[in-house]
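In the two complexes below, chain A is the common chain; its partner is chain B in one and chain C in the other.
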Partner chain A sequence: MFAEFGYGVLLVGFIVTIYSGVAAVYGVTHKSAALVESARRAQLLTFPLITLSSLILIYLLVNNHYEVAFVYEVTSRSMPTYLKVTAWWGGQAGSLLFWSWLLAVFTSAVTLRKWDRDAEFLPWVIVVSSVTLAFFLGMIVFYENPFTRFWLVNGNVMPSMFSPSAVATVFTPQDGQGLNPLLRHPGMVIHPPMLYLGFVAYVVPFAFAIAALVTGRTDDRWTRITRRWSLWAWLFLSFGIVLGGRWAYDVLGWGGYWGWDPVEIASFMPWLTGTAFLHSVMIQEKRGMLKQWNMILIILTYALVIFGTFLTRSGVLSSVHSFANSPIGPFFMGFVTLTLVTSVALLIWRWPLLQSETEMKSMLSREALFLLNNLLFMGILVVCFWGVIYPLISELFTGQKVTVGPPYYERATGPLFAGLLFLMAIAPLSAWGHSTIQTLGRALWKSFALAAVVTILLTFTYTQNIYALVGFFLVTLVLSATLYEFWRGTRARQKSQKENFFTALTSLMGRNRRRYGGYIIHISMALMAIGILGIELFQKETQGTLGQGESLNIANYTVTYRELASWNSPGEGVNYTRSVVDIYENGIYLGQLAPRIDFYYDAEQNMTIPGQRSTLRDDLYILLLDWQPVSTMGATFKIYVNPLVNWLWIGSLLFLAGIIFAAWPDHDPAEEPARRNAARNSQQTSAAD
Partner chain B sequence: MRKNILVLPLVLILGALFTGVVLAQENLPTDDEVNAIARELYCPVCENTPLDVCPTEACRQWRELIRLQLSEGMTEQEIKQYFVDNYGARVLAEPPRTGLNWLIYILPPVMILAGAFILLSSFREWTKPKSVEAGTDEEREASLEKDDYVARFEEELKKRK
Partner chain C sequence: MNKFFLGGLLILAAVVYLIASSTQASAEYFMTVDELKEDGDSAYGKSLRLSGAVIGDTIQYDPQTLTLTFEIAHVTGNNKEIEAQGGLAEVLYVAVNDPARQRVTVVYIGVKPDLLRNEAQAIMTGKLGEDGIFYAEELLLKCPTRYEEAVPEQAENG
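For the complex of A and B:
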């Protein structure tokens, strides 16, 4: 009953979505404001409809309706309620519904905004949104239905939405299979919704970009309207990626945060184009340049967002054969191809209208350096995209399966990331329009000198690894140049406004949120780079089997195996095996850690939970791999020492804070008239020009 | 008297066991030696998972196979070749540099260089001096000597007041 109703509501939502797109096109081509308004209301209606079907699914999940195949696959009786709710996005069908719900939320929010100045955009924004939403709803309604039920037919159980025959009866298993234990970690509970928020939010700026292309408006309107959308999309995508890294670190048991896995890369690629877009759109706003390139970037970001969802949901990464067998794989590829071709065709059609308004005068101007920044981001994108795609091409054309693993990515992207760090240091100190070696050098020489001194000191005290030294030089350069920028701005304001340092600093940042939020992000990137350099270049590991009282040594640490206990927790459906080890550093006792293994009955799967001791200097990370309870009470441990890795997490938090700072709306009422006057003045100025 | 008789065989048996264990262990490669190779080989069954961290029973057996091969004197290269011969190229961390696989190594730098070339051409196009720009050398020099940053900053402050 609930399943049928949920499916019915979804179907209505699908039809309403198609109607809104068709009505919008008809409305604009037949110049009917009433039809456009009707399309807008239909778009709004998708939100309550998809919300209702989603709530029904959550109801089924929470109340153990195992006759519903999706509920059976991702939940079990022993799972706590909150995990049953979050199982919504724990499987294929539910996650597609979740994606659709988010899109309905965002498109409804967009249609609610004031459209006075942008009425010509509205129908085309609706078209793009409804095409995207209809695509996802269509896949759910026709192929990946979360409301499919089990039916008993002639002694066999088969899944179907509706009764397959007159004699069939609904079949209800006693319990479900349970969610994959790896997905029960808090980081992995939150990671998909963050990622999807980022993915789906990028549909909005793309929709406005397409509207600008179709209507032929060449001003900055679409980028200004969607500026905050792009920032929030970037925030959630970044947060999702960081959470994914933290989850990998905490539960996958390989002592690292990033494995260059195709699923990870799927979320990283739209982040790359999104980041490039955030930088190049500033050039468009400041200098009237790069309108064509910004269109390319937002089109690429949208395509990569759909592609990323496709990569993680279609099974193509296992094999091209499973791709061919997957019901939704070909549809995803068709949709990405169709939208990409249409977008590029529109762009080509409007190409002449999007010429630069001004010229670039210097290779060291800020806009030139931003362009170089974009080139490096695109270089990393090419490496990632090709690394993900090539195994499929190889299998398709030669039948040979290959793995493209970390060595390929690290070798190729390392220099590009180094280049980005360098640009991160010098670009903010360059000037719009024109910079020279002299002016840039004047601004940068102190930072260079400091970075050189720090690097020399590190040579004597920490490492002679050339990659590490180059990395630390660049990190110091970014930190000192960026902090210098804060200092210079504050000093200038102090002089002109007669304020004390702290007041001047907070006023400066408050009035230039975007810029100083960006600088905070740059600082956080440098901190993350410290953590990445530490764990990538200096990680140590060892593994051994210990009897009780025996020890393993690694770096300056000694790990002594003390005891092991194993017990059942029937209410949780888990068997715990917990070891206790003593930790010494240079002979000094530091305390105990308790690495353990959790065995989940329903999934029949182990999950290793490391014991971790975290400091700014390093992480001591211990895994219990195996134990022999009968013969010798021996246990096998794997131990990692991950130097500096916690700067990665500190940098990640600062990174998110920086984005929030940059994206936070300015709501100073006194500022409003001033901004309007400034806008009017700038319009008059540009008219005069 | 009776107790002494029973203890003696037990001691002998335990002694033999420990001796055997010690002797066996002295010849076996350590977990670290096995993992150094396993880390660079990928599970033939589960995608994108190195052998050293793969939790399945099959991977555990493959690691023990590596240990056995090391103890028999095989080199790292020979062990890797064994796995490629038996399970295909996908066990390697990177595609072998043969045939179509060269594309994975050549295409990214080619495309990055192409991007750099396009960028350079655009720069040249954009920096072409216009005929209308007839500023004097003196004016240009004067503008360069200004502290661009402070001037621009003060200008922005005035606008925001």
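For the complex of A and C:
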């Protein structure tokens, strides 16, 4: 009963979405404001409809309705309720519904803004969001229906939405298969939704870009309207990626945080173009340049978002993330192609309108360095894209399937990341329009000197590894140059405003949120780089089987096996095996860790949870691998020492703080003088800016 | 404008060089057991990615030395063929129970993976030794029976 209702609501939602898109096009081409308004209302109606349908699905998930195939696949009786809710996005069909729901949230929010100043964009924004939403809803309604039930026909079970024959009865399995254990973790509650939020939020800037192309209003209005949107989209995407890394480190038990898995790359590629876009859009606002480039970047970002959703969900690539094989692959490729072809056609048509207003003069000007930064991001993108498609290409041309693994990505992107760090240090100190070696040198020589001193000290005390030294040199350069920027700005303000240091600093940052938010992000990137250099270049590992009281040594640490216990928890459907080890550093007792293995009955699968001791210097990371079940006398451990890795997480937190600082809605009436007039006119629209 | 064009060209060249050299340095040839046997000597020492069906009876693990040994049977690497033969689970089942299939012995030093069991698909990177044993450096496993499309067990019994 509920399943049919949920499906029916979804079907209505699909029809309403199509109506909304068609009405918007017809309304704008026939100059009918009423029809456009009707399209707008239809657009708004999709939100309650998809919400209702989703609530019904959640009801079915939470109440063990295993006659519904999707519920059977992703939940089981032993799962706690909160995980049953997260199963909404834990399986294929549900995640598409979740994606659509988020899209409805965003498009509704956009539709509700005040459109007085840019009413001409409205119908086209509706068209773009309707087409996207209709595509996803269509996939759900026709191919990946989460409401499909099991039917018993002559002793055979078959999945179908409606009764496949007159003699069929609904079949309800006793229990579900349960969510993949890897996904049963609080990390699961936020990692995928954050990624999806990031993905979906990029629809809005893309829709405005397309609206700007169609209407020919190609000034920087569309970038101003969507400035906060693209920042928030970037925030969610970044947060999703970082959470995924942390989750992998804490739970997946392979001692790492990033494996250059195709699906990881799928989320990283739109992040790269999105980051390039955030930078280059500033050049358009300040200098009226790179308009064509910004259009290309936002189109690319959106296409990569769809492509990423497709890679995650189609099972086309062998990957730790591909949980399903699905018929929807070709449709996604079709949709990506349609998006690209339409956008590029529009772009070519409007190309002359997107000419730069100024010429680039100096190789060292801020805009030139920003452009260089964009090229490096594109370089990393090409490296990633090539890595993902290389197996397909090699098979096509040589008949031999050849893949590239993490070493490829590390080698090829390493120098490009180094280039980005270097730019991060020097670009903020260069001037718009014109900079010379002399002016840059004057601003930077102290930072260079400091970085050189630090590097020389490290050479004698810490490492002679050339990659590490280059890395630490660049990190010091970024940190000192960026902090110097804070100091320089604050001092100038102190002099002119006669404020104390702290007041000057906070008001300086408060009045230039985007710029200083950006600098905070640069600092966080440098800190993250410290962690990455540490774990990538200096990770140590050892493994061995220990009897009780025996020890393993690694770096300065000694790990002694104490005891092990194994017990069942029938309510949760899990068997826990928990070991206890004593840890010592240079013979001094530090405490105990408890690496463990959780075995999930319904999935017949283990989860290996490491014991961790984190300090700013390094992490001691211990995995329980195996034990002798009869006596529990012996156990096998793998132990990693991950130097500096905590800086990665500290950097991540600061990174998020930086984005939130830059993106937080600004109600300060004292805006930059140049924008004050504009701000007065756009007060009504500022909510959506 | 010329110097910008030149700069862009230099970066492009650098990226192309990085991609080409890194691809060459870290390429892994995807192979099935049959292809490995066919290549014979020419497969020695190459970085390979080999996949096959794990034969449960052959799994041996020495927790003292962390040495894991098992045999894999040939399965096709072609997704369309797998679909045509009734899906991955079916293909693996047939491969393991077909004594005529080519087999390769695999040695892996390290953790015994949670998913290693009969009829799992093993995907390994490593090199073929001159003794004909595949020395795996990395071992990934897939257990297709737990895939989403699996039919409810109760139904299979009833």
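Descriptive notes on the structure:
Just so it is clear, the second predicted complex is superposed on the first by the 649 of 689 C-alpha atoms of A that agree within 3 Å, B and C clash if a C-alpha of one lies under 4 Å from a C-alpha of the other, contacts with A are read in each partner's own complex, and residues count from 1 in each chain.
In this text, contacts are C-beta pairs under 8 Å (C-beta built on N, C-alpha and C of every residue); 3 or more make two chains touch, one makes a residue touch a chain.
Keep in mind the model is a prediction, meaning the values are calculated, not measured.
After superposition onto chain A, partners chain B and chain C are found to clash with each other. Once the two complexes are overlaid on the shared chain, A:404 sits against chain B and chain C alike.
Looking at the shared chain after the overlay, A:542 reaches chain B, while chain C stays out of its contact range. In the superposed model, A:363 makes contact with both chain B and chain C. When the two structures are aligned on the shared chain, A:379 is found in touch with chain B and with chain C. In the superposition on chain A, contact of A:511 is made with chain B only, not with chain C. In the superposed model, A:443 lies in contact with chain B only, and not with chain C.
Of the two partner chains placed around the shared chain by superposition, neither chain B nor chain C is touched by A:614.
Within the superposed three-chain model, A:163 lies out of touch with both chain B and chain C [touch as defined at top].
Contact with both chain B and chain C is seen for A:606 once the two complexes are overlaid on the shared chain. Overlaying the two complexes on chain A leaves one chain B stretch of 3-11, 21-29, 111-119 or 147-155 clashing with chain C, which is 111-119. Residues 318, 359-360, 363, 368, 371-372, 375, 379, 382-383, 386, 390-391, 400-405, 407-408, 412, 416, 543-545, 606, 608, 636, 638 of chain A are contacted both by chain B in one complex and by chain C in the other. Of all residues in chain A, only 66, 72-73, 91-92, 150, 152, 155-157, 171, 173-174, 177, 180, 318, 320, 323-325, 359-360, 363, 368, 371-372, 375-376, 379, 382-383, 386, 390-391, 400-405, 407-409, 411-413, 415-416, 543-545, 603-606, 608, 623, 625-626, 628, 634, 636, 638 touch chain C in the complex they form.
Put simply, chain C touches chain A in their complex at residues 1, 3-4, 7-8, 11, 14-15, 18-19, 21-23, 25-30, 49, 63-64, 66, 77, 110-112, 114-115, 123, 125, 140, 143, 146-155, 158. For chain B in complex with chain A, the residues that touch the partner chain are 30-32, 35, 42, 47-48, 50, 52-53, 55, 88-96, 99-101, 103-104, 107-108, 111-112, 115-116, 119, 122-123, 126-128, 130, 144, 148-150, 152-154, 157, 159-161.
Residue ranges on chain A touching chain B, taken from their complex, read 252-254, 259, 261-262, 317-318, 356, 359-363, 368, 371-372, 375, 378-379, 382-383, 386-387, 390-391, 393-394, 397-398, 400-408, 412, 416, 429, 431-432, 434-436, 438-439, 443, 488-489, 492-493, 496-497, 511, 541-545, 606, 608, 636, 638, 674, 678, 681.
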